[in-house]
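Lettered A, B, C and D in written order, each chain numbered from 1.
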Amino acid sequence: MDKKELIAKRVAQEFKDGDFVNLGIGIPTLVGNYIPEGINVYLHSENGFTHIGPMPKDESELDPDLINASDQHVTILPGGAFFDSAVSFGIIRGGHLDATVLGALEVDQEGNLANWKMPGKKTVGIGGGMDLVSGAKRVIIAMEHTSKGSPKIVKKCEIPLTGLKCVDLIVTEMAVIEVTENGLLLKELAPGVTVDQVLAATEAELILSPDIKTMNV
Amino acid sequence: MDKKELIAKRVAQEFKDGDFVNLGIGIPTLVGNYIPEGINVYLHSENGFTHIGPMPKDESELDPDLINASDQHVTILPGGAFFDSAVSFGIIRGGHLDATVLGALEVDQEGNLANWKMPGKKTVGIGGGMDLVSGAKRVIIAMEHTSKGSPKIVKKCEIPLTGLKCVDLIVTEMAVIEVTENGLLLKELAPGVTVDQVLAATEAELILSPDIKTMNV
Amino acid sequence: MAKVISIAEAVDMVQEGMTIMVSGFWGIGAPEKVIDALVEKGTGNLTGISISTSLVDRGIGKLVANRQFKKVIVSYIGRNPATMEQYEAGQLEVEFVPQGTLAERIRAGGFGLGGILTPTGVGTELEKGKQRMTIDGKDYLLELPLKADIALIKAHKADKSGNLIYRKAARNTNPLMAAAADITIVQADEIVETGMIDPDEVMTPGIFVDYLVQG
Amino acid sequence: MAKVISIAEAVDMVQEGMTIMVSGFWGIGAPEKVIDALVEKGTGNLTGISISTSLVDRGIGKLVANRQFKKVIVSYIGRNPATMEQYEAGQLEVEFVPQGTLAERIRAGGFGLGGILTPTGVGTELEKGKQRMTIDGKDYLLELPLKADIALIKAHKADKSGNLIYRKAARNTNPLMAAAADITIVQADEIVETGMIDPDEVMTPGIFVDYLVQG
């Protein structure tokens, strides 16, 4: 299985029926494709609606006024509603989303997140990321475990933060790691991945769960 | 002419075509009956709409969901809109009303207003008054000049304030007085009323306009 | 998805000592049937948040008359003699909040704001205990958010996903309270299937709504 | 009453050096015709407030590409190379604001609030120069209101009293900006007579609207 597909599939198991979720750009967007059968998850779009539906099947379904926050033409499912930007971020900030799934440049062992600005690179802005991590009930990071071989799960974020102690769960192609009060708890391994491999690819200290499971993907 | 009618009639001359206005309870409510021909004034209702219309003519016009802030069944004129309480007071606080007309217990020479709480009497609350005086572009006080013979226009308000330096104009059955940076400016007298009579009925110091007019009522 | 429940189930959620928000302006837009059932049940020691305490026979006023509150947070009590009597007798605590400030505080509670700065009340006795801040040469008071355990609100129409439509002046604090409580219970005149309300016409998105009661 | 004017009259109101708000999310809900005319006219030295700087050929992005701004206040610039280029070259000042904070700051400007407290950005470099306040054990940043001289917005339908209806995701910041500018100019797909819009369906009340332009 493709790395990204594996991550998305595993994240999709985190939701319960009826959850409202916001998915970030990249791997997080893929999560929508793997929601288990029988579970209804309602997707929130920052630009102002709930119940994001699939892309239009053809021209007849395409509505020029209906895009998602990534500028893709989408549809809206029955039960959805449109609202303005203040309500949209009131939903986010007010704790009305059960979860948000975001990518990351770095996550550290205190649950700090950096995902908006690379030192030495052009800053493109913040978008809705800082609001999402400050408001959603659970912040789930969906990312590759390393970047060009360098660990992304670090002792302490060195690049500009998006949010303080905001991450609840990290899902990579190697592992599922929960942010706890005592530190990062390694809970699951991807099929075929060993604890040693995860430790070698991780700069942060990891607490090993007494009951490490294999991801069911 | 009845005192209250005279006050309401004079206040109604303060508006220009297209103004949005909120009228308080009592004499201010009467102002709506005297808007000059050719001038359209749109009335705002705190409970959540603009363009208050007349009371329903009969049962067929009466809508159980349509009252004004004083719990009277009213109608809505074409061009009006309904909104929630946050928008309603956003309109007030954000300076979108051209004027509000309110009654007063005391007004002082700095333009301070007291109209919500009488010492020694039961407090009934604030309602929207404090918001109105902090937000409307012009605060016009429509009241009788004295209360049981005691001046209501005083040097310094002694009873709890509704707003600091918020009053722009005072209209009574005796006079029209503008609140200026230098103090209270007596600008108009009611027909048959003398400057000495106004001075005798006023505790605050009054500056006499070099060009005192007679109210055109 | 909002769950359709009975009025009895709705009022059972209200527990002694809870904070409840109750919509309505002189009772218009108040969930009267739910309120009647809560009066019947008599759950007490509540804190109530509403525009006013209404009249003794309308909206939240009935709960005051039945002595179910220990405290109310409102802008006005003047037309409810039961409130006046209990307040004067020291049996009911009343926190007076200007009406616009009350609306913003409820909104702040629902939308995750830690507070808002309003010019309303500066220089008055309401300033007591509050922080005054000067921004750009103008004075404001810092007002804090209000939240509730349960909001009891009223819609004209609801779909089974909890999307709500209000009617005329019955909208008032309903959309604000819907977002500001842990549990939002809506009495709706009409409950329709999901998909029967145009998503552009929704006034309160279903994400804020937990339970629906047929009005 | 809102006044119906020509696009030329609308853009003539925008003067060199003014602050303008421009609605739209990737151009959806942006008043493209008014923007095109403003590009044509070339009025410069502007400060712009918008969700993002969009793309070079959509919404506010066209004004950036035409170098009409000295400063923009936005949450994102990443898809507009013109913004990136002018920003990197020091020709354009960019104030980055988180998207939700931007929405609240515009709303605060329109609704007379002196500021709002948001948890967004606490502990990040955006905290610089801002006051951090602890409320009920949680940290917030004090964020100040945004206002503009002119708001250029887009409605699907307007009546001649200025009441507006938006369509789907084209609503975004339109209702917020309508209230936050001294002069609000609306490009409407359709302009109808007063009385032709149900007052319950109005999304922006006419009290916030000054001018209408046929879209």
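As a convention for this text, a residue touches a chain if its C-beta (ideal position, glycine included) is under 8 Å from a C-beta of that chain, and two chains touch if they have at least 3 such contacts.
Treat the numbers as computed from the prediction; the structure is a model and nothing was measured.
The fewest steps needed to get from chain A to chain B, moving only between touching chains, is 2. The interface holding more C-beta pairs in contact, when B-C is weighed against A-C, is B-C. Centre-to-centre, using mean CA coordinates, chain B is 29 Å away from chain C. Between chain B and chain D, the centres computed from C-alpha atoms are 34 Å apart.
Centre-to-centre spacing of chain C and chain D amounts to 32 Å, using the average Cα coordinate of each chain.
Within chain A, residues 49, 76, 82-83, 86, 89-90, 92-93, 134-135 each touch two or more of the remaining chains. Counting partner chains per residue, chain C shows two or more touched chains at residues 104, 107, 112-113, 118-119, 166-168, 199-200. The full set of touching chain pairs reads A-C, A-D, B-C, B-D, C-D.
By the touch rule above, chain D contacts chain C in their complex via residues 104, 108, 112-119, 133, 135-136, 138, 140, 142, 144, 165-168, 199-201. Chain D contributes residues 1, 107, 109-113, 159-161, 163, 179, 194-195, 199-200, 202, 205-208 to its touches with chain B in the complex. Touching chain D in their complex are the following residues of chain A: 45-49, 63-69, 71, 76, 82-86, 88-90, 92-93, 112, 122-131, 134-135, 160-164. On the chain D side of its complex with chain A, the touching residues are 25-26, 28-29, 51-52, 74-79, 84, 88, 96-104, 106-107, 118-126, 156, 166-176, 203. Note for the complex: chain A touches chain C at residues 18, 20, 40, 42, 44, 49-51, 76, 78-83, 86-87, 89-96, 134-135.
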